[in-house]
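Chain nomenclature is as follows: A, B, C and D, assigned in order of appearance, with residue numbering initiated at 1 for each chain independently.
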Amino acid sequence: MIAALRKELLLQWRTRAQFMAVFVFGASALLLFSFAVGPNAEILRQFSAGFMWLGLLLSSTLTLAESFHAEMENRALEGMLLLPANARVIYYGKAIANWLQLVLLGFALVPVMVVLYDAGTTRLLSLALVIMLGAAGLSAPGTLYAAMTAQVRSKQTLLPLLLFPLIVPALLASVKLTSLIILGDPMGQLSSWMKLLTAFDAIYWSLCGLLFGRVVEE
Amino acid sequence: MIRNVAAPAIEAMNVARRYGRRWALADVTFRVAPGRVMMVAGRNGSGKSTLFRVLSTAIRPDRGWAKVGGFDVEHEREDVRQRSALLAHQSYLYESLTAKENLDVVARIIGRNATAALLDRVGLAGRANDPVSTFSAGMRKRLSFARALLQEPRIVFLDEPYGQLDPEGFQLVDQVIRELKESGATVLVATHQVDRVAGYADCSITLDAGRVIGTSGELE
Amino acid sequence: MKRSFAIAFALLAVGVYFGLIVTAGEQYLHADLSLGVSVVARTLIAFLSGLAAVIVFLGGDDIENYARPKILLVTGVLFLLVGSYFGLFVAPPEQFMGDTQRIMYVHVPTAWFALLAMTIGFVSAVVFLFNSDFVWDARMEGSIEVGVVFAFLLCCQGAIWAKPTWGVWWDWDPRLTTTAVLLFAFLGILALRRFVEDPVKRGIWSSVATIIAYVDVPIVYFSVKWWNSLHQQQSSPNTVSKPFWIPLRANAFGILLLMVAFIMLRARISALRLKHELAPPPLVEAQLGEAV
Amino acid sequence: MNGTVTGGWNFVIAAYSVTALVFVVYGVTLITRLREARNRASEER
């Protein structure tokens, strides 16, 4: 498990230029969203959480697809499976690495959001927790679907097509939590959304791990 | 688990495998005793690679069954994988990692080391810290060879081991196969270098259109 | 196989008798046909025997038989004609909803069977992953496609219902929104199936995707419900009073039969293609003369 | 307004028409697709 994770992190470190490109993509998406709304500071602040998560979601399809690019190049994934290494270990290694990358991306997008939308907050710790939980919701099913679509023609379309409807609850919860943190939480809804997001993560982290072997083994 | 020692190292019975609608393997049956070196001949597309992929558990057979080291390739995959290694057509290498890192990744997962010695063995010690993306086809072949040997397999599947290698590389492959044989490992070699391999192989089968069309030498 | 079809029809008949005919007798003939079974028990029997009929129809389905789906199709259309006649012309307008209530007689059964079709897809996916029998792959494809068609229809009906009721076409009602999310999730799975040539991979991947998408249903429902909790909680339209039973239940049985027939037809199309794809290797003699 | 939604018959008709249309169109396409698939299967045999 540790060995598999180390391999993923090494691969990601080698392609860190890719990460920068994805970050710039996400940041420019945030910039474009504000053009769609117009220069109304109050409305932008209201929508800031939604925009940030949409930016992260769009970027995530790039990083997820990319994470299987190296595996498919020389059929390296098959090589890994033929070692007496469990497919589940490979899945969790990859999912955790993707999660770390998404968390990093989320943290990097926060200052962009603060500057563009004037959506600052002092509750940085809870914001970090939300980004971590939300990214976990994206990475667990995302890694599984990326493994499938990496082997298919027209993968660029298929991955978002499969992933976006699925992560609706995680997206809703993350957006709601983020905007509750930024705009205040008068009705005390924070904990119930947090529970929903945690439940989503728990279900998909276990279910996808169970099913990954069936997807990659031929 | 205790298995009969005299049991064949590899046993395939009516193995068939389809790619899409094309049957790459139609019906293959053979047995090889442990410690033998077997040549698998046949022209391009005759099913050699598919046979190796089935035997090394990369893909499941659609029909029939096969046992490697006494373990079923469909239901006891972990056991087969622990005992065998495949030198495949694809190199199984990560382009962005260096030669040494590629081997280290494998070594760490299966809990072995001695990657430096292996790199030296295949003549890549000087390029150990260069990324694979800068390697030539022959160097990649050498590196995947090292990757397969790292697993210390008892049963080795070598798919075109001579492909893209220089004369020096030919010598290296010959020597490695000889050493594997001396250590008691079973080696299957799929190749077009029929004359060269026939010099040291104990037996051979010839495939055509996914079927065995000829055998020679003592298989069992 | 032949027997299971008869059993399913018998189960259906029991359901129709207790769910529909007894009520119709009370309403229009003033005759007690209930055989002493209470109202609650009758509803339960109708529900359970309908469900059992679906299971037996599909579980015991002979994929080679092409007459059965057509019989079911015709029977289903008959039920729908009766139900719609009652729904449009016989049943009184509802107290609050007026005539728009009549939309419910098709909307509610469509909702039940959209969800049921997707549940059948989920069950088929699980069975396929365990036994790798391609009949279940064909059934999965059939029920997912039927589920998608029903979900699409459901969204259309929902929009038509929402306009006179709340003044907007789309109210972000949790049930309707969940249906829309489901529609897109299962459309994605159908797209995935189109892009994968290898039948084994196609079967396994779409089973995995189906399981993952189906597990999402309750989570989506609750998240949309909480998300939309600031809006007014619309009350469930009244479908419980007796005058509304006949059109609702007749249409329910009709749509049940249509769903089963559609799944059967669609599964046969998939099965024919799979039969072609999974044909055994041709038995040609190896040409020994051409040996290398 | 006494809380009752009045009128709305056009919506009712629309809903029933959409339902009928979807069922009929889907049913017809299924039957034609099945016929095509069967013809293709018998041709190959």
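Note that in this section contacts are C-beta pairs under 8 Å (C-beta built on N, C-alpha and C of every residue); 3 or more make two chains touch, one makes a residue touch a chain.
Everything numeric in this text was worked out from a predicted model, so none of it was measured.
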| item | value |
| --- | --- |
| Joint neighbours of chain D and chain A, given as chain labels | C |
| More contacts between chains, B-C or A-C | A-C |
| Farthest chain relative to chain D (centres taken as mean CA coordinates) | B |
| Separation of chain A from chain C, taking each centre as the mean of its C-alpha atoms, in whole Å | 34 |
| Inter-centroid spacing, chain C versus chain B (mean Cα positions, whole Å) | 51 |
| For chain C paired with chain D, centre-to-centre distance based on mean C-alpha positions, whole Å | 14 |
| Gap in Å, rounded to a whole number, between the CA centres of chain B and chain A | 39 |
| For chain A, residues that touch 2 or more chains besides their own | 218 |
| Residues of chain D touching at least two other chains | none |
| Interchain pairs in contact, sorted by label | A-B, A-C, B-C, C-D |
| Chain D residues touching chain C - in the complex, by the definition given at the top | 3-9, 11-12, 14-16, 18-19, 22-23, 26-27, 30-31, 33-34, 37-38, 40-41, 44 |
| Contacting residues of chain A [partner chain C, same complex] | 141, 144-145, 148-149, 151-154, 158, 161-162, 164-166, 168-169, 172-173, 176, 189, 192-193, 196, 199-200, 203-204, 207-208, 211, 214-215, 218 |
| Complex contacts: residues of chain C adjacent to chain B | 197-198, 200, 276-277, 280-282, 284, 286-288, 290-292 |
| Residues of chain C that touch chain A when the two form their complex | 129, 181-182, 184-185, 187-189, 191-192, 195-196, 200-201, 204-205, 207-209, 211-213, 215-216, 219-220, 222-224, 226-227 |
| Complex contacts: residues of chain A adjacent to chain B | 3-4, 6-7, 10-11, 14-15, 70, 73-76, 78-86, 217-218 |
